[in-house]
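The structure appears right after this line, and notes come after that.
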Amino acid sequence: MATGILNIKGRIWWIVALVVLCLVPFVLPRFYVYLLSIILLFGLFAMSNNFPLGFGGIYQLHHAVFYGVGAYGTALVITKSGLSPWIAFIVGPLIAAFLGLVMGIICIRLSKLYFGMLQISLGSLVWAVVYRWYSFTGGDDGIHGISVPDIISSYKGAYYFTLIVTGISLYVLYRLLKSPYGSVLQGIRDNPVRSSMIGVNVKKHQLLALVIAGFFAGVAGTLFVVVDNTVFPDMMFWTLSLEAVIMCLLGGWLTFLGPMLGAALIVIIRTFVSTYTLYWALVLGIIFTLVIFFLPNGVLGWIEDAVKRKPNLAEAKE
Amino acid sequence: MRRSVLFVVFMVFVMGLVWSQSGYSANTIKVGIVDTYSGPATTYTQDALDGFKLATEQINAKGGILGKKLEYTTRDEKFKPDIGLAMAKELVLKEKVDILAGTINSGTALAVSDFAKKEKMPFFVFYSKSEKIIGEKGHKYVFNMNENTEMAGRAAAVALSKKPYVKYWIAGDDYEYGHAIADATWNNLKKMKAGVQLLGQSWWKVGEADFTPYITQILAAKPDFIIVATGGSGMVNFQKAAKATGLVQKIPFYQHTANELGTLLPQGKDAPEGVWGTSNYFFYYPETPANKAFVDDFRKAFNRYPKASALVGFMTAQFIAEGYKKAGKIDNEAFIKAIEGMSLDSPVGPLAIRACDHQLELPTYWGVTKKDPKYDFLISGDIQVIAPKDYMPTCQDVLKLRK
Amino acid sequence: MLQVKSLTKSFDGFKAVNNANLDVQNGEIVAVIGPNGAGKTTLFNLISGILKPDSGQVLFKGDDITGLPPYEICRKRISRSFQVVNVFNRLSIFENTQISILSRQKKTWNLFTPSSSLAVNETNELLKNVGLYEKRDHISGALSHGDRKVLEIAMALGGNPEFLILDEPTAGMSPEETTRCIDLIKGLREKYGLTILFCEHDMEIVFGIASRIMVMVRGGTIVQGTCEEVRCNEAVQDAYLGGSDVCLM
Amino acid sequence: MDVTGVLNQVFVGLSRTVILFIVSSGLSLILGVLRIPNVAHGSLYMIGAFMAFTLSKLFGGGDMGFWMALIGAPLAVALISLVAERGIFQYLYEREHLMLILLTFAFSLVFGDLVKIVWGGEYKSVPVPYMFQGFIPLIGGLPFPLYNLFLLVCGPIIAILLWLLVNKTKIGKIARAAAVDMEMVGAVGINVSWVFASVFVIGCLLAGLGGVLVAPTVSVTLGMDHTLIIEAFLIVIMGGLGNIWGALLGALIFGLSQSLGILIWPQFGIIFPYLAVVIVLIFRPTGLLKATW
């Protein structure tokens, strides 16, 4: 677990990090501000994937569907209805959460790889519908030039909006993980049979995790609309889902902030390696292989192991 | 310990990446090209790039533009709009390119176009064929350097309206491009020739490998002619199936770019004869000195024949160079003003960029595939030139879409 | 308190539990014995709801609990431990036990109060009672086998059960650990007033603490009775000793 | 659509089934015995197709070229997989499934770019061998390509060979035993590591074989791995993990629902196979046939 927001020492670090992130747009050129927005929203996407994956032990293998549906929800409300974009920003994630519930109800009966595969089939159905419903979703071209409120349409505005929303989302996710519900969820990850034997309705708890994950993926999708003003069906293709899983594993799927780090690494490597070579996928592949081989718990997981932090239960003392 | 070392090396590598700056000198005009350089699209994108490269070398050999050298840098977006858009942003914001170009992917083209509009950055679209680029989503900063679906469809309709066929069937790849091409062809044909009827349609998913079921369905319906709206690798796949099932001998059909080198070259001598197609460029037609010179230069540089997209890349670089020269300074607004309505000599004769909608006015060649002893692949025979004025939508029509 | 009536469960045609009957009175310690593969663990899984029986009935305090899901059964204050250690490996001892208590307190749907402020005293007290308090912050996956077995019992107790099922509580323990564990079980029983159903291979333990014994062979109940009754029962001797005429032990 | 049309569609669905079956049976074998969800399986299929292009060109492009490709390309793919298995996978059998998915996905990225480096980005076309060019009239006189007929013959042959391999050979028996209890097999003195290597190589060889067989009917491109691998996984899951007959059944359902779905609702024909998987998994959560794990 990352340093807690709930104890004072941890809180200081969080505040320092937040202040630094707030000052970034005044120091760095526009491109890095944009890049940071992308990293933050991908990080949120990966962390929402990791909520059921790393903390719930659910094989959430097609998370991109919720991300894409959230983004499309927001985009469609903005472009097709006369409603305020601010309402769209809430509607998008809610649609994603609802989809999380529906797909969850269908998939939750299965476990592990079977769950993941059923989710992929269902997700592919959603993708296929979006991909061909030209009149409504714009088909494979997607929807472009989505207008967002002026205050968040500049790079800085979009960045601050992303930062604030991501910050709040992370705080909520963190509180969730530290709550009794979060503890139980981690118990389920480690041992579902045991969990049910201490009186936990395993499936219902997992279902809630899927809804929460769907919601925050939807939030990340909405942020993408704010930052890049476009949506397209690739956003819910299964390769993006695998990328999200990779972000989790690369950063450390048993740590809270690991997926954020994984997202940052992938975005950075992709952006900067591609300026040198067209073969950036090759470089990414080799890096993944090395990480799996030498850092099986991911980069952040490895750092935590290296620092040899005992589980911090000082907080638990009343 | 080994892990710590690896970890440190890894982090240093990542940090190094972030702080690296590729060489940027004030004395160049830099073009940022985002395109797909992996997957089936490469057949077209590589030629566009090489055409651009050839023109760049020629321009620089003649002293560059306003004393500056023309330079370009490429990014492989792997046919993913989000990556493509991020790369375009990187090119403009970090690499500080002066002009954006590229992409065969309509999704990326539209996304980048929207970004270019915001940044007031000229963007030359190479080879994506969505009519939205200069139509519905058109704006001051985007230029379309190849035909779009509406144009291709109209050109085909012009040619088909002179043929005796009445009963048509439409089939194609079920994605935006396929539907757009089919709709454009059919809607225009209906207007140009009364009495044509549509017996039915079949659509298959993009990347479909096996066309036999559809072909049998079509054969059973017995149409006079089939409009086949395939793109990318679907072109070759369908031609193979048409040959294997004998469709090509039974019912004539048309595919946009069916007679183009990109479609015919990979099939070698096995491609079916008798397929109707439209294309905007052949290396063997027109047989003018300008075309011959271009083909020779291209072959010398890259050891292969140029495809239609090579012309696009080649002319884009020319327009960029001449645009700046005419503007007399490196300024986006002046550049756009200069290039609007500009006409340049090209391998296929003079080509102009229409001022109203920024569409390059290309001639279209209608023809049918046939074998030729000179080449070990099929070429287009019976070439019929359809001039821009005969098939391009009017400025009025296009600008109406922008409302 | 607990009655099992002609319970049957088969896997792919193999009858793992075949017409098993069992009766446990309030406050008793009942042992289930039988050779390997007799279906003891399957019986426990059926009672605790992990498996659904093909036929038969399980009654708890007169209520029919047959085929209820495990979490419902647990809420009726039946807890169990497992033969193969079954704890939350990535969490600490404290967290393992706390989750169990939180679940009993129906706080698992509490989404925002930090766990660290809930049920801390109860958890600490329980850990003191089972002797794991000093190791409360250790990650349970890294504990010794004996400690994990004890942790299992602590987690079972976290549900504040009236009825405790222990599946080979001392399996794999060293002799000293075993002694400690038996003392612990006896102590806990008195402290919490538990009724206990357990199975065990070590006959010394069985005859040492069980008030009554049920013998299973090939999925079925041969006999249930006091230690003396079982000891000299012919069928039991057949099953265990190949028909020699000596009483067990 | 009349009866002949439906029948025709069925035949076509069957030839697609053959390719799907060959590839997914290899995937299933690896999943069943080694427990590796091999995402790179699709890449090997792609490499097989590209190899077929090179080999058939090398041997003159005619019948000879095709047969040489049919033998040579799968062997080349097998060699690549042997190197990968001995070099990397053999150290990772104990890892979490997720890790293996990630690792094999990393491999698919690497393979994708390597193919691009070796063969370039353009698409390639493998000619149909002369002896299978042309078509035969089916019921109702509708044409059916000879090559598809050849595929229909290949399918059962490969299924039978696989069945013999798994059930009648020593290595098959050991592999099946290892799938159930690896330690036990190791304990009786069998070199499990090499058994695993062989199974892995055989599985990958099937991927390569699928690639060669499909090559003449499509254009060989980068990215052909992406569409296939997800279908193969769904087939394996639908049929029952590790079960060869399950793979056959799954491929049948997938192939037929695809070609028959087009008849029912042409515009959304694409969704029928996925729908079939969803329905199967809702009613048979662990697949149609008995999974090995």
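Going in written order, the chains are labelled A, B, C and D, and every chain counts its residues from 1.
We adopt the following convention: contacts are C-beta pairs under 8 Å (C-beta built on N, C-alpha and C of every residue); 3 or more make two chains touch, one makes a residue touch a chain.
Predicted model only: the values in this text are computed from it and were never measured.
> Give the identifier of the chain nearest to the protein's overall CA centre, each chain being represented by its own CA mean.
Closest to the centre of all protein C-alpha atoms: chain A.
> Determine, using the mean of C-alpha atoms as each chain's centre, which chain is farthest from chain C.
B
> List the centre-to-centre spacing of chain A and chain B in whole Å, with centres computed as mean CA coordinates.
Spacing between the chain centres: roughly 36 Å.
> Could you tell me the distance, in whole angstrom, between the mean C-alpha positions of chain A and chain C?
Taking the average C-alpha coordinate of chain A and of chain C, the gap between them is 41 Å.
> Just curious, how far off is chain D from chain C if you go by their C-alpha centres, in Å?
Distance between chain centres, rounded to whole Å: 48 Å.
> In chain A, which residues are in touch with two or more of the other chains?
Correct list: 132, 281.
> Which chain B residues sit where two or more other chains touch them?
If we look for residues of chain B contacting two or more partner chains, we find 37-38, 174.
> Using the touch rule from the top of the page, what residues of chain D touch 2 or more other chains?
Residues 112-113, 116, 267, 270 of chain D each touch two or more of the other chains.
> Would you please name all pairs of chains that touch?
In this structure, the chains touch in these pairs: A-B, A-C, A-D, B-D.
> Under the touch definition given earlier, write down the residues of chain B that touch chain A in their complex.
It comes out as residues 2-4, 6-7, 10, 14, 17-18, 20, 22, 37-38, 73-76, 78, 80-83, 85-87, 89-90, 93-95, 106-107, 110-111, 113-115, 117, 130, 132, 137, 174-176, 179.
> Please name which positions on chain B make contact with chain D in the complex.
Against chain D, the touching part of chain B is residues 37-40, 42-43, 45-46, 79, 174, 201-205, 207, 209-210, 212-217, 219-220, 233, 236-237, 240-241, 244-246, 266-268, 270.
> Using the touch definition up top, name the residues of chain A that touch chain B in the complex.
Where chain A meets chain B, its residues are 29-32, 34-35, 38, 131-132, 134, 139-142, 144-145, 224, 228-230, 232, 234-235, 265, 268-276, 278, 280-281, 287, 290, 294-295, 299, 302, 306.
> What residues of chain C sit close enough to touch chain A in their complex?
Touch list, chain C to chain A: 48-50, 69-71, 74-75, 79-80, 82, 86-92, 94-96, 98-100, 102-104, 107-118, 120-121, 136-137, 139, 155-156, 158-159.
> Given the complex with chain C, which residues does chain A contribute to the contact?
Interface residues on the chain A side: 6, 175-176, 178-184, 186-187, 189-191, 193-202, 205, 208, 254, 310-311, 313, 315-318.
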